[in-house]
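Structures are listed in the sections that come next.
The same chain A turns up in both complexes below, where it pairs with chain B and then with chain C.
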Partner chain A sequence: MRTSEPTTPTRAFRGLGAFLWTEALVQAHESLAMATSMLVQAVLLVFVWILAPSLIGVALVGAILYSTFTMGQRVLNEAAYLRIDHKANDLYLAGPMAPEAYFLGMAGGTLLVYLAPVIVLGILAAVVLNLTLAQGLLIFALAATVWLFSASVGYVFSTFFRDNRAIWAYSSLFFNVFGVLPPVFYPYKLFPAALHPVALLMPPSAAAGLVQAALGVTYLSPAELALAVGGLIVETTTVFLFAIYWARRTVRGS
Partner chain B sequence: MTDLALRSEDLRKVYHSKGAPATEALAGVSLEVRRGERVALLGRNGAGKTTFLRIASTLLRPTSGRIQVFGFDVDQTPEKARPYIAVVPQEGKPFFHLTPREQVYTYLRARGLTRENAKDRTEEALGKMGLTEVANRLSITLSGGQRQRVMVATVIATEAPLLFLDEPTIGMDPFARRAVWEAIRSLTRHGSTILLTTHYLDEAEALSHRLYVIERGRVLVTGTADDLKRSVGGTVKVLLPEGASQVDAFRSFGSCIADGDSLTIIVTPERLGEIMEVAVRLKLLATVGPVTLEEAFLRVVGRSIDEN
Partner chain C sequence: MATMRSEFPNVPTTGRALPSFLIVGWRWISRNPAVAITPILLPFIFLYFLSLISPPSLLPLEIVGAMLFTMQNIGSWVLGDSAFWRIECSLQDMFVASPLSRIRYLFGIAFSNLIAMLPALAILTILLAWVGGRQGNPLTPFAFLVLVACLAVMWVLFSSVGIGISSRIRTQREIWPIGNLTFTILGMLSPLYYPLSALPPLWQDAARFLPTTYAALLVQGALGITPASPDQMVLYAVLLVACAAVGLVITLRLYRWGEA
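Our next item is the complex of A and B:
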């Protein structure tokens, strides 16, 4: 028999690197989408530059976090599109590739391609805010956490839709409401005080609040710090682990 | 390893959806596919072919019954069965923003093949599917038939021990269909096993060692295409396009199958002369030909394969 494929049981994360590269190749062909991924951020930055130039540094950090947050929207759209229109789930998952590799490969490939404009924002923020290495690393770590959270949410949400048209409206609503309305692009202290705990429980605004505190723009009490850090860690870990569980579970319909 | 590539016993699937009555897609399907065989599931749209294939390929859970791939229980331990299988999904499409070469190669890499092996098999599969000339064009620029060929190339390149092909030649021109058939035959020569669904009777006859005729979630008959044709009761068919209303005049000659206005009579060659005399007397146009799977299907199922 010529067949020479490995016929060992599927290992966790098997096929991750190859599928990540596949997805990066697919996404890289969409150069216009890469440019438009910065549209909301660019518009808001221009507004801030005109209306409140002293806040441009805060807005730049917000733009970085918002960019990584909206990558979840891309994962949602891509995962649903490939499943509904291309039957890619059937092609890839009825085989030795691990379901979590499919999810993470898609998320990672999207990240790889859409990272370039985020790096540009990072350089701008470093120049404008004169960031220290520690502040830079904090922004990097928080942006990565927000990405992991939103990519996991995006993948899980994608499995609930049967029609691509419905997805566009819901995904746009979800990611813009949670990415723009809370204090991501503007200082935490300007958000209504009664809603501060809510802001600290939402990953993009929690991450923005922590960066603003590190930059000295915002004061967070020890309780607020604990809520923001604890919320980010618990929510991201929970959602990520659930997404892996869900990716494995939804290979098979019932 | 067991000699059976696939075995199902009394496999049932009932779909439940809110506000609609439950639908029984599979009503106790038992079948076996031996290693190296090409087996076709033949049936009308909605007969249960795709549901069976999705369960067998670990993509759908059965309501009850057992199904094994190379001895591994597909329902209980799908992760053990998956390395042995590959699927061409019904209505599947390649990534539009990959070239056929990228599509096949990256898929093989995701399945764990080495770079060198993946590269060799990619070129071989593209060649077999007649895609070499368009191998570096984005799939979005290809025709529907070419895209379907990319899907088939992607899966046959795996040379997985068991391949599930759900309507693999849909949308292809005759030349491309024959290329796919040859590639599928070549796979079984190299040790793979094929289970395909089709509603093209010529495809089932040309490709399969055995076939299962499925209707309303049940296996009605199984055997070779020749077995099925023999079961019709003759080797020659006389087609009378306007003969359905005169069926009584022909009943004594052999098996009569009315389909709309037309009447098909299955006879032995010895009785052909008598039938033609009656047809001439009744002023009916008649054509004579060998019995095909179409007559066998019509007789077994009671409806044409294209009838919904």
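Our next item is the complex of A and C:
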């Protein structure tokens, strides 16, 4: 019996648009998960609103950055769920879709759907902090960078799991340790000074530090600014390129 | 047909449910270290955040809140386990067919999840004794008893809430969001991490319908964090038991067993 020649992706990112839209439609049906995506941010904002109302502006900016950071957790859950539970990734990747389009389509589709509450947070932050256009654009650019970093990390992490049940524990730990402990929802001055370089090397808190410096809430020395900007760019680029390499490699491996 | 009792006369047929679930709980955390570490670390992450933004005098209250919140979150774990076993592993049919009753099954899952939470609760108790002692809110034997009693009520109530909801869940994708949403909202509505008086009036009124509020007020009163007269303490205890009883009746009605 003749079989057709296996279709191999000839073009990078082939099928990205189609899979992004597919994933957006899938995610749009997950109303419960969408509501859950804002839980930690809501909890921390409530804490700040009740216990330290003067910090609400910083906390709102932190909530925006944290929201884009936790989109990586959505990518992790979705990629693991499709692979472990539905075994659908084999089906998708057996077609002409490029592996990096699978990863980026999933990340982009998730972003599209989960963006709405982030926009609401952005409007609230703009009202509370009286943001200028430049500050608004800075927050947008940094949030986009943090999203790219976390989506890449989420996708790579998802390939290591063999059991859906264990995912939440590891992902909660990762995203809370990197998103809540360092100064994302609170000003840098409340964080131990000796640990500032560590926080500036973590993408969510580096982005928060840069926004806080732009808002005049925190002072960052030129060296600290360079560390935050350099760290963010290098880490995001490295992790993103690695995720693309990993997506291609895991397909070949299977 | 030979029954198990006739084939294995020396094997006990009762009193094995809880030890079995204890082993299940232990195996689960021993095979997945993050599962044991996460519930320990998460309350500490919140406590660390709160200690940065709130007055230091509130720290004992926040530690008590973390303990009650941890215990309440067992409900989310019970929900996750029972739904996973039913939907993914189809294990519940086997339990239904066995002599295990639905209440024993509930306590079994609640017990296995309590195992994973015990290290967090032990560390928080030591921290409470240390911080409370330094700030003039010592953990006296009376306060300790009140704390343990409130934690026990929370454990039974929210485990049954968890299993009641889980029996209505249809797909695995719903497990995590429903559990997270339910138990986090319930925890945030109650004055666990802040004094009741710090909340807006409408919120205070809503919080008075929740058992966790009375558990928090009782422990805060016993420790002297939020002053309460003996009469008020009795009232809080009565309201806690009454709210918990109402909650139990509702969730046990919600809880599907054989017919699911």
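FYI, the second predicted complex is superposed on the first by the 244 of 254 C-alpha atoms of A that agree within 3 Å, B and C clash if a C-alpha of one lies under 4 Å from a C-alpha of the other, contacts with A are read in each partner's own complex, and residues count from 1 in each chain.
By definition in this document, a contact is a pair of C-beta atoms (placed from the backbone, for glycine too) under 8 Å apart; a residue touches a chain by one contact, two chains touch by 3 or more.
Quantities reported herein were computed from a predicted structural model and do not represent experimental measurements.
Within the superposed three-chain model, A:Ala35 lies in touch with chain C and out of touch with chain B [touch as defined at top]. By the document's definition of touching, neither partner reaches A:Tyr114: not chain B, not chain C. In the superposed pair of complexes, A:Val251 makes contact with chain B only, with no contact to chain C.
Within the superposed three-chain model, A:Phe149 lies out of touch with both chain B and chain C [touch as defined at top]. After overlaying the two complexes on the shared chain, residue contacts for A:Ala18 are found with chain B alone; chain C is out of touch. Applying the stated contact rule after C-alpha superposition, one finds that A:Phe103 touches neither chain B nor chain C. When both complexes are overlaid on chain A, the residue A:Phe240 reaches neither chain B nor chain C.
By the touch criterion defined above, A:Asn164 reaches chain C but does not reach chain B. Once the two complexes are overlaid on the shared chain, A:Val46 sits against chain C while remaining clear of chain B. Shared contact residues of chain A with chain B and chain C: 30, 85. By the touch criterion given at the top, residues 32, 34-35, 37-38, 41-42, 45-46, 48-50, 52-54, 58, 80, 84, 88, 172-174, 176-178, 180-181, 184, 188, 193-194, 198-199 of chain C touch chain A in their complex.
Those residues of chain A that touch chain B in the shared complex are 1-10, 14-15, 18-19, 21-22, 25-27, 29-30, 82, 85-97, 101, 105, 251-254. On the chain B side of its complex with chain A, the touching residues are 54, 57-61, 78-80, 82-95, 97-98, 102, 106-107, 109-113, 117, 138, 151, 154-155, 158-161, 164, 190-192. On chain A, the positions that touch chain C within their shared complex are 30, 32-33, 35-36, 39, 42-44, 46-48, 50-52, 55, 77, 81, 85, 164-166, 168-170, 172-173, 176-177, 180-181, 185-186, 190-191.
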